[in-house]
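Next come two complexes built around chain A: one with chain B, the other with chain C.
Coming up: the complex of A and B.
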């Protein structure tokens, strides 16, 4: 890749040296700082920043058993690789393993699970796979056969969130780490504003969530740009899977994503600024917030009597798949839905903490 | 001009699931050099078989698609105005797929 004829013609990038080491040829422009840096310096700053995020936020304690939510996609692949590196380099003393969810989507998840299996061997991290079929009795293929291609992402998102928690509990994990990056979080901030979802707006920028629950989740990539994650995977030749879920992507999230990418092109800092704004939102103390309780059926955290997964599952099992689709307001939400059994055709309550259908990160 | 084009991160699905394409591209008649903007429109009409909107938006790549020329971020080489040379390797990677 070095230019052989650099002297003959003053060619584009030649002469542009890394602004950190001043020795090697710059390979990329950092969106966060606009610095031009070489590959080696990029690896260092990228990894060091994640290490700082982990240390500054006290994400882990020595001896903890940590599940890396692994979908086989770019973010979780880079996360597994970087976590494994940092754990050794800085003696975190973590017992890391990969946790994957098999939604039962033929031609999509089975292929990406193959990628995770290769990562298991390459990174030396044990892998645990939990399936929707085992947990809920339904695969996504079967669910789509029953309900069609509308709202299927709601089912998938809700089921996946619990599946990771249950898999992690089964494996006696103390924590789950997910590959949510800065772009994802900025996008979620915007979506929560658009939807007026105050409860989620305040939560979505937390680096660790669920600290009051059994297994907290954290996002070491909270400040890492998607561009850098993909560049890192490309330069390091990490093996990841990048096929879109065969069951249509979440269009609403897609618009927010495109908007974030448009903003990034004009002013890359915009992503961090949106996260900052999200962090600085304060909810008036007089605002009534939904109370967090536990599901009467399965014991999972829920602000309603039944958690969303149990409600959706009940609908599926009773042949009323629209049960639980749409917004439930107030503590009577569940009851109302169960009694009337009427479909609510409002905007589907897609799980905003989750990425579009088919990805494993929350 | 002989070039190697690579598609990744899901973009290969737009060109028959083939990741690497070895191509010969002629510059516009009367033009001596081939620029990235020319290569993009050539690629769109010659290699992209479906959903071109996933690859391009306006006259450039869709935001979220990374471009590397000889393993160098095209933002450092001059973007659309980069002049291509014989045997260059141009890589397009989508960041828009799930993670």
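Coming up: the complex of A and C.
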């Protein structure tokens, strides 16, 4: 088999040595640096980079309960695997578990959840699944049947964000880690420039977000290239699910993604440079941030009277699916009467049970 | 935000409020669309009226242009944008000697035309005024011949001058001096020597993008040199919204996010001869259209096909423009929301205090506290260095002695990656042929000291003589 490979790809037959260990034969070209390295060195640089990102940014404290947002896709599968590895190897002392959201998309989520369930057994991490049906009374299939394929991603995005928080609160997690990788963040920086969204532009490169909220989220893969994540999953033969969501033919984001890939082809470093630019943008600190309050109906953090999920849900239940889509100004009509949260720090430290999860048929 | 142009200030406000949901770009597009729809409706039936002057476009014999405007209103519309940029940023004052950088493309052609029109108007008022107290600013034109790096280098500079002169000479009175230089002049005034030096310099940069960028920086230095040598005190560039939008994305992709706001303002006074961008608010399509309508001659510039980041980005931007014509404006506006630097506006100088208030330039509020801070600039691209970069400069400065080391330390991370050669030998060579204006930019006691040391190095007996000095 070796011989066959060698003759088919003469490039590999040169037998170059790994540029890191100088002992084994180089097996791959590292996407980030184009160094030719062997598999073992790739594993270690990939993991060590994530480790140093975690340490340098003080992402976790010992004893924290951390939810790994697991969709069954490549990013979250590698994240779950690497987090459990690093947790053991470097004694983070974290109590890890998998948290999945079941949107109720037949032919997509049911299959990917099977993957997550296999990972639960393989990595020995407990799994919690929260479903849209339980939380909101609607599955995505039902929503799409009602409103069609337009704006359905708005519902899904808003609901998922809250579902993760609710699931994490229910499991008494201190933090959520998500599998957003460097490509995702570079793409978000770019999209925010294209849209003129300066507030999001300033936030989107933060490694930890929502620190003033109940459960902060962080992105240990902030500097990890998508290609390397795929490569890692490929060589480690990790079990992941790789189908696109059947409801998401999103051309705009795809277009920006294509551009990022083209940039990476010319200069791999460009992805890191975009993130660096995003971090270094001189954004005036006086930029007004929305005031945080809580939703009067479900108690979730919201800058409006009703949180976005409750607003969308009300639209669904009353047969007005346009409610809450598009600009919020005026639609909620209560912007000025935001109930101020007395003390954010108090909430994040206090018992998470105080989040009124029960109000939504929980 | 205070130093952004007054013309777009109002839009900034509404954007900030809106930014919670989708960006305001879509709304902008809708506004634009609705204008053109309104104009059609106002005309009623077949009669299409220009929304500005009310004349029927057909009567004037011209095609309808942007938003149904007739050609003369379109000209006035663009000139208005230009004039607004000039006046709100105090770009040109009566005593100025202004140098217009003319590349032959539509943007700089329009800039030249508009500057000429402005000059004519102020000449008229000078003639009409009794006191004739207010002088008329003078204008010169510079063209830089870059045929050496184009696909088919033509060695005849006289031919280029022949092409440029018929464009510039009709723009008088008032008379405009024409300066023509070749890009290799930045390396050496001797033509052949300059050519070999420039080739060597560009060849030592392996990265295609880095090569293009270095050439651009060299061009800027040459423009500065010509302006200084001939006593100009303002340099007008034809950078328009579209070029700035490309710059925003490419600077982001090159990791220059910190220094980006310095490049997208109306005024850039970090150079010895301040640079102004009066076409900041016009997009390429408009400028091309105006050149076409008014019959302004432009030069056909052959662009070398390249696989650089810059060309990838310009095709990306043109793709975005096809999808939404106001996208370029949104991109530039995003960058304008970033905090500009102190040198991005003119500050009042003594001269203006003697003018009657009516004639004084309108300066913006100089309340920005940062204006007092002196920035350290990358000697290659001229971008101000960020905090961590400055930190590493001082770290390296402590250890290094040679001029090359100090120079390398002062380069921004982006230039270090894409322009500076990696091997010490080629780096030394690169530094030695780099034009003086670039190497001279690195100032500071350490460099002066080390330069002195190099001069007297052969006479020094003790090696670490200057250790306590640094």
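Here are a few things to note about the model shown:
Quick note on the criterion: the second predicted complex is superposed on the first by the 310 of 362 C-alpha atoms of A that agree within 3 Å, B and C clash if a C-alpha of one lies under 4 Å from a C-alpha of the other, contacts with A are read in each partner's own complex, and residues count from 1 in each chain.
We take it that a residue touches a chain if its C-beta (ideal position, glycine included) is under 8 Å from a C-beta of that chain, and two chains touch if they have at least 3 such contacts.
Just so it is clear, the structure is predicted and the values come from calculations on it, not from any experiment.
Looking at the shared chain after the overlay, A:74 reaches chain B, while chain C stays out of its contact range. By the document's definition of touching, of the two partners only chain B reaches A:25; chain C does not.
In the superposed model, A:227 makes contact with chain B only, not with chain C. Of the two partner chains placed by superposition, only chain C is touched by A:200; chain B is not. In the superposition on chain A, A:262 makes contact with both chain B and chain C. Once chain A of one complex is fitted onto chain A of the other, the partner contacts of A:117 are absent, as it touches neither chain B nor chain C. In the superposed model, A:128 makes contact with neither chain B nor chain C.
By the touch criterion stated above, A:281 is placed in contact with chain C alone, chain B being left untouched. Shared interface residues of chain A (contacting chain B in one complex, chain C in the other): 262.
Residues of chain A that touch chain B in their complex: 1, 3, 11-13, 16, 25-29, 36, 71, 73-76, 179, 181, 183-184, 226-227, 229-231, 234-235, 242-245, 257-258, 261-262, 264-265, 355-356, 358-359, 361.
Chain A makes touch with chain C in their complex at residues 189-190, 192-201, 255, 259, 262-263, 266-267, 269-270, 272-274, 276-284, 287-288, 290, 303, 326-329. Contact residues on chain C toward chain A in their complex (touch as defined above): 1, 15-16, 18-25, 207, 209, 248-249, 251-258, 260-261, 307-309, 312, 316, 319-320, 327, 330-331, 333-335, 337-339, 386, 414, 417. Residue ranges of chain B in contact with chain A, taken from their complex: 8-10, 13, 62-64, 66, 68-73, 75-78, 82-83, 85, 89, 91, 93-99.
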